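Structures for review follow.
Heads up, the next two complexes both have subunit A, just with different partners, subunit B and then subunit C.
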Partner chain A sequence: MTQQSDHNKLKTFVPIPARPAPGASNSWLAHLRQQYFSTVLSSALTVTTLFLFYLLMSPLVDWALVKAVWSAADRKECYSVSPDGACWAGVIHWFNNIIYGRYPSPEIWRINLVFVALVLWASPIFINRFPHKVMVFLSLWLAFPGLASYLLLGGEHGLLTQLWFGIACAILTIIVLALIWLVTGRELAPGHSALTRLKLPLLALTIGACLGQQWLILEAVETTRWGGLFLTLVIASVAIMMALPIGILLALGRRSELPVIKYLAITFIELVRSVPLITVLFMAVTMLPFFLPNSVELDKLGQVLVAISLFAGAYMAENVRGGLQAIAVGQTEAAKSLGMNYWQNMIFIVLPQALRLMIPNIVTSFISTLKDTTLVSIIGLFDILLMAKNMAIDKKWLDLHTEPLVLIASIFFVLCYGMSQYSLYLERKLQWSH
Partner chain B sequence: MKSTSPQKTDTSWSWHNPVLRAWFYQCATIIIVLLLVYYLGSNIIENLRLMGLPFGFDFLSSTASFDIGWTLIDYRPDMNYWRVYLVGITNTLVLSLLIIVFATVLGFLMGVVRLSKHPLVAILARAYVEIFRNIPLLIQIIFWFVVIFLELPKPKHSFAIGEAFFLNNRGFYTPELLTDSPLLMVLLATVVVWVVYWLLPRGLKSTKSPQQQATKSLAMLATTGLKWLGYGLMLYVVFLIFSGNFEWVNPEKGRFNIEGGMFLPAAFCAALIAMSVYRSVTIAEMVRAGILSVDQGQKNAAQAIGFTQWQTLKLVLIPQSARSIIPPLINSWLTIVKESSLAVAIGFPELVSLFMQTSLNQTGRAIEVVLMVMAFYVVTSLLISGVMNQVNKRMQIQER
Partner chain C sequence: MESLTKEHNATAIALKGINLWFDDFHALKDIDLTVASGEIVVICGPSGSGKSTLVRCINHLEQYQQGQIEIFDQSLANKKVASQIIRQDIGMVFQHFHLFPHLSILQNCTLGLMHIKGMEQQQADDKAMVLLERVGVAELAEKFPGQISGGQKQRVAIARALVMEPKILLLDEPTSALDPEMIKEVLDVMIDLAGSGMTMVCVTHEIGFARRVADTVVFMAEGCIVETGPAQQVLGSPQWDRTQEFLAHVVSNGAA
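Coming up: the complex of A and B.
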C-alpha cells in the first residue's frame, strides 16, 4: 500500500511555485531608475544637471521667447513694450541686409537664382544613384563660376565670358533634365540616348545664351555692395574651390623626389601655416598694392580672395598629403610597371583614391574656412558679422547688439553643425565601403 | 628614385633620361621663382619710389607718440616703435599663455566629462562641445565683449568680492603683488632650466655604458651642470620666498573709478574667456579620443596581474593616452598663439593691433611692419614646434 502510494506520489507533478515577477523591469519607470538614479552619485548628477539646465535655459527662454517683441518700428518702441526681452523686430527689419548685404533690393532675385542653380547643380553629388559624379563636380568647378559671375556682377562682358555663361547654362540644363529623368524613373546610364538626341537644342541654347547677353545686360553691381551671408558664402566657396588645386599641387610638391621643388613647397606650406590668417589678410590689403605694377586696379574682395585661397591651400596641402600617404605604394608600383609616367600615375591611379578618402576632411576644412571667413570683417568687408555689427549703429536700432549676434551665431551653428554631421556620415560610409 | 642597378645609369642627352629631366625641372622651377621674385621686387622698388617712401627699419627708433591702454612692460608715448613692438609681443604672449593654461585645464575636464556614462551629463557635455565648436571664434569673442562685459555695471556699482576683487564694465581688478625681490624671474628661470634638462636626449644623462661616457664627457658635464643649476635655483626660490618682503595691494574703490591693484581690461577678459572656451572644446575632443584609443585589453591585463585601480590609471592608461594626446595638444597651443591675434577685433592692444594697425597707419611702412609681425609668429611657431618634436621623441616608446 505504502509502495503504491509512493508510486502515485512520484507520478503527480508538483511544480515549484513561480518566482515573483521581476519588479516591473520593463516599465519606463524602472528604466528611468536604472539610468538616472542607480547610485547616489548618479542621482546627484541627474539632479545637478537638471538644475544647471534649468538655470541656463529659463532666463534664455524668458528673454528670447516669452518677453520678446516681434514687431515694432524702432528700438524705443521695443523697449517700451518689454524692457528686458529680445527685440526681434529689429532683426526682422534688417534680415535682408544681414543675408544679402547692401545688394540693391530689386536685384536680389539674382542672388536667389544663383543659389537655386547651385543647389540644382550640386545635388547630383549627393544623390547616390546619379552617375558621373566626378564630371558633375568638375563642371561645377569649371563652368558654374561663369553663370555666377554673369548674374552676380552684371554689367557688360567680353565674348569669352559670354561663351562661359552659355556653356554653364547648357550644362545646367543637362543636369536638370537628368534630375527630372531620375525622378520620373527613367534609366540614364546606358548610351545616354536622350542626351544625344538633345545635342542640337543644347547647342542652340548655348549660342542663344551667349548672344542673349547682348540684349539683356543686367545692372552692374560692384563688389563693394556685396555683403552679408551672401558675401561670406562667396568667399568661403571660392576659397575652398581654389584651395583644392593649390593644395594638391603643394602636396605633390612636398612629396616630390626633386629637392628644389620639395623644399620650395615645404617652405611655402610651413610659412603660411605658422602665421595667423588675420596677418595674411592685413598683408593682402596693405602689401599687395606694392607687389603689383601701379596700373593694376585692385579690388579689395579680390585681394582677400587671393589671400584666403592661398591660406586655405596651405592647410589643404596637409590634408591631401595625409590622403596620399594612405594609398599603398603597391598602387604606384603597379602603375609604373604598366608604363605610366608620373602624371598619368597621379591623375588616374593615386589622386582619385586619395581624394575619395579625403572627402570628409575637405568638408571639415570647408567648415573651418567658413568660420574663418568672419575675419574679413576686421579689414572692412561687409560680411555677415560686419552687417550684424552695423545694425547697432543704425539710428532706429541704436545699440541693438545681442539680437543680431544671436541670429548670425545660430545661422553659423546650423550651417557648420549640419556640415560636420554630413562629414561624419561620409566617414562612416567610406568605412563601410572598404 | 630607385635605379635598378648602378651600371645601367643612363648617360644619354635625351628627354628620356630621368636624371637629366629632374635637373631640367628643378632648374626651370628655380628660374621661374627667381623671375617672380625679380618681378615683385622691381614692382616694390618702383612703387616705393613713386610714393616717396624709403625702405628700412630706421622708423623703429622714431617716437611713437600714442598711448597704449594696457601694458605689462614700461611704456610711455614718448618711447619709440621698437618699444611698441615689444609691448605688443609681451601682451600677445601673456594673453596666449593664460589662454593655453585655461583651455588645457578646461579641456581635460570636459574631455573626461564627455566620457561619462550618465546620459544627461553626456548630453550636456555634447551640447557644450557642439555649440562652442560650430560658432566662429570671432563671433564668440565679440559676444563676450559686447553682450557680457560691456553690459556689466559701471565702476560705481561694481561687483565686489570682499575688498580685493572688483568686476565692472571696464574690466577686472585684482590685488597686486608689490615686491622688490626678483622672485618671478628666478621662478621662470628655474622652470626653463628643468624643462630644458627634461628635454635633453636620454643618452646624455645615462651613465650606463662607459664608452658613451668617454665620448660624451663634455656634454655629460654640461648636463650635470644644468641639473645642479636647477637645484641651486630651486634653493634660491625657497630662500626668496622666506626672505623677501611681499605686499598685496588691494584695488581701491574711488568715486568714479577703481584705482591701484592689478587691472585686466574688459577686452582682455573677453578674449581670454572666449578663446579658452573655444579651444577647450578641441582639447576635450583630443583627450576623449586619447583615452578611448587605449586598448581595453591593456586595462584588463593590468588588473589581471593585480594592479589596483589607481596603479592601472597611473602606470598603464595615462602614459599610453598621453602619447596620443600630447602632439595634437601642443599643436593646439600653437593655434592659440596665432588665434590670440583675433583680440584685435575688440581693441585689445596686442601685436597685430598695435603694430599692424596703429603703427602701420602712422608710419605707412607696410612692408617692414608686416614682415616684423610675421617674423614674430614664424619664430614662435618654429620654437614651439621644435620643442614639440623633442617632447615627441621623449614620449615615444623606447625600443631596445
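Coming up: the complex of A and C.
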C-alpha cells in the first residue's frame, strides 16, 4: 500500500517482483531423492518396503509365471510337469466358457459383434473433439438395447422390436460415419450437411434392417445358456444404466413436497437398503412367481435384472440425495427468479452440479454393483464365478480353483480400476474453479 | 405513499396487509406498500428488520400467510404456476450473486432466454452480449463464475436478470457482500439502470445511493414499515426516533 508521508507529496507504490518458490526442481532424480531418501529414516523405510515387496512378490511370480504350466491335457499332467506351479493349461482350455458361458460356439460371433458395436457406439463419449456427447449417450441408453437384445437373444421378434433394431442400426451407422470423418480429419460442424444428405439412405437402412429380419432369423439362444464374463457384463451394465435414472427419480421423490411421493420414495429406499441383495434376488426369482398367475412365464435373467437395477437404484438414490443437499438453496432461488419451473431447475441447474459433486460416490456404487453381480451365481445363473466353479468339477481339471479365481480377480481388477481411474479423470475434466 | 418527484401512472407492485411468520417469529407485520411503474424504492433498516424477507415475498421466494400481493394488478396468489409466470416479469439480484458455477458467464445469461423464452442460441448469445457490454463485463463472457471478482459477479448477476427483460428489478443488498473497492462499480451500474426508467426495489445500506436515485425510501424496523416518503424527507428529516437512531449509526460508520 502507498504510505501517505506528506499531504502534498505521495510516494509511488511499486510492487516487489515475484520470485520462484524455493527448492523447486524439475529433475526426477532430485525429486526421487527428496521424496524417498531425504533422511536416514526415510531411506530405511524405502529400502524395507522394497524388501517386503520382494518377499511377497517373488513366490507369486514364481508360482504364476516361472513354474507355471501353459499346456497340458489334464491336471495330472500339470502335476507331473511342475507340482508347485500354476496350471494355466486348464484355464486356457476353459477360457471360452469363462468368457462366454455356455453360449453355443458357432454363435459366439454375435456376442463379439455386440461388444464391438458397443465400443464403437460409446467411443464418442470418450473423444474430446466429438460433439453432441449427451445425444450419443442418450441414444446408447435408449437404442443400443434394441440391437443387443436382437443379436444376443436371436429368434423371431415382434414388429416393435424389429423397428427398435432398425433404428439402432441407423444410429450406429451415423456414429461410425462420424468417427470416420473425425479420424480422416474433417470437422463436424453442428447440423453438418453430410448427415442431412444421408437421411434417405439411413431411413432405407432402418426399414431394411426391419424387413431383413424376416429372412435373417438368428438361432434363438435361451438366456439360461448365457454365462461367464459375458453374463456378468450384461447384468452389470443393465444395472448401472438403470441405477442412475432410478436413483435420480427416487432422490427427487424423497425431497418432494408432495407427501405421497415423498413417503413412497422413503419406504422404497429404506426397505431395499435394509435387505441384503441376495435376499432381494431370492425374492425376485423364487417368490415372485407365487404372486403371479400361472400363465405368466418369467425369464430368470429378466427377474434378476429388475431386482439388481432396483437395488442399485435405491443405493444410488442416497448418493444423488447427498449431492442435491450440497447445492446451496440460492441456486434454486436464482433459477426460480429467472422463471424456471421445477424440472428446468433440476435439469439445468441442480442436477448437473449435484451429479458432478457426487462422481466419486456414484462410481463407487457402480463398482460395487459390478462386484455384486457375482451373487447371481448363488441363484443358479452361470456368471463368471459359477463358470469357474464348474471348471473345478470337470473331471479333467478336478479341484483346479486357484487359477481361474486369479484370472477372475484380475479381470475384475482391470474393470474396477479402469472405472475408478476414469472417474478421477472425469472429476478433473468437469471441475469448475471455485 | 406516492412519489412526489416523478409522474407515475400504473401501479407495478401493491402489497396489501402482508403478514409472515417463520414458525413463531412474526417477521413481517401488516405491510402495505405501493410501488408505481418506473418508481425507484430503496428499503433500508437494521438487520433483522424484515427488509430482505419483504423483497423476497414480492417474487414469491417466501410464502406469506396473510395478505395479498398484486403485480401489475395481477394477484400473486399462493400458487406455484402463477408465481412462475409472474416471476418472468420480475428480475432478482441477490446479496451473494448466486451465479450458476457450472456455466460460463455467457451461459449464465443465455440459459433463461433459451429454455424459458425458447430463443435460438445465436440470438440469445447476441442479446446476452449486449447486456454484458452494458454492465462492462463483456470480455469475461467465456470465463466461469469462480474465476472473476465479487464486483464482476454482481454485475453479471444484474445482466442475467436484465436479459429476461423484466418490468421490475428487485435487488436484495446487492453490495453488502462486496469489498469496498468493488462497491462503486456495482453502484455505477445500478445508477445507470435507475436512469433508464426501470421499476426498482432495492434493499441497501448505501445511503448515498438512496439519496441520489431513490424516489421513495422505506424505513423498516422489527418487521414493520416505520416510515415511507421521498428520499430527502426520510433521510433528511425523519419523523420517527427509530429512523433517526438508525441513520445516526449508519452515518457515524461512514457508510453514507
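One rule holds in what follows: the second predicted complex is superposed on the first by the 346 of 434 C-alpha atoms of A that agree within 3 Å, B and C clash if a C-alpha of one lies under 4 Å from a C-alpha of the other, contacts with A are read in each partner's own complex, and residues count from 1 in each chain.
In this text, contacts are C-beta pairs under 8 Å (C-beta built on N, C-alpha and C of every residue); 3 or more make two chains touch, one makes a residue touch a chain.
Just so it is clear, the structure is predicted and the values come from calculations on it, not from any experiment.
**Student:** When the two structures are overlaid on chain A, which partner does A:158 contact: first (subunit B), second (subunit C), both, or neither?
**Tutor:** In the superposed model, A:158 contacts neither subunit B nor subunit C.
**Student:** Name the contact category of A:106: first (subunit B only), second (subunit C only), both, or neither.
**Tutor:** Touch partners of A:106: none, neither subunit B nor subunit C.
**Student:** Of subunit B and subunit C, which one contacts the greater number of residues in subunit A?
**Tutor:** So, of the two partners, B touches more residues of subunit A.
**Student:** In the superposed arrangement, which partner chain does A:17 touch: subunit B (first), subunit C (second), both, or neither?
**Tutor:** A:17 contacts neither subunit B nor subunit C.
**Student:** Per the contact definition in the header, classify A:338: touching subunit B only (first), subunit C only (second), both, or neither.
**Tutor:** Touch partner of A:338: subunit C, not subunit B.
**Student:** Hey, which residues of subunit C end up touching subunit A in the complex?
**Tutor:** 59, 61, 84-85, 87-88, 90-92, 94, 96, 98-102, 111-112, 115-116, 144-147, 160-161, 164, 170
**Student:** For the complex, which residues does subunit A have touching subunit B?
**Tutor:** Contact set of subunit A toward subunit B: 35-36, 42, 45-46, 49-50, 52-53, 257-261, 264, 271, 273-276, 278-279, 282-283, 286-287, 289-294, 367, 370-375, 377-378, 385, 389, 401-402, 405, 408-409, 412-413, 416-417, 420.
**Student:** Which of the residues in subunit B end up touching subunit A in this complex?
**Tutor:** Interface residues on subunit B, with respect to subunit A: 1, 22, 25-26, 29-30, 33, 40, 43-44, 46-48, 50, 116, 118-121, 124, 130-131, 133-140, 142-143, 146-147, 334, 338-339, 341-342, 344-345, 352, 356-357, 360, 366-367, 370, 373-374, 377-378, 380-382.
**Student:** How about subunit A: which of its residues touch subunit C in the complex?
**Tutor:** Touch list, subunit A to subunit C: 328, 330-331, 333-341, 344, 348-349, 352-353, 356, 432-434.
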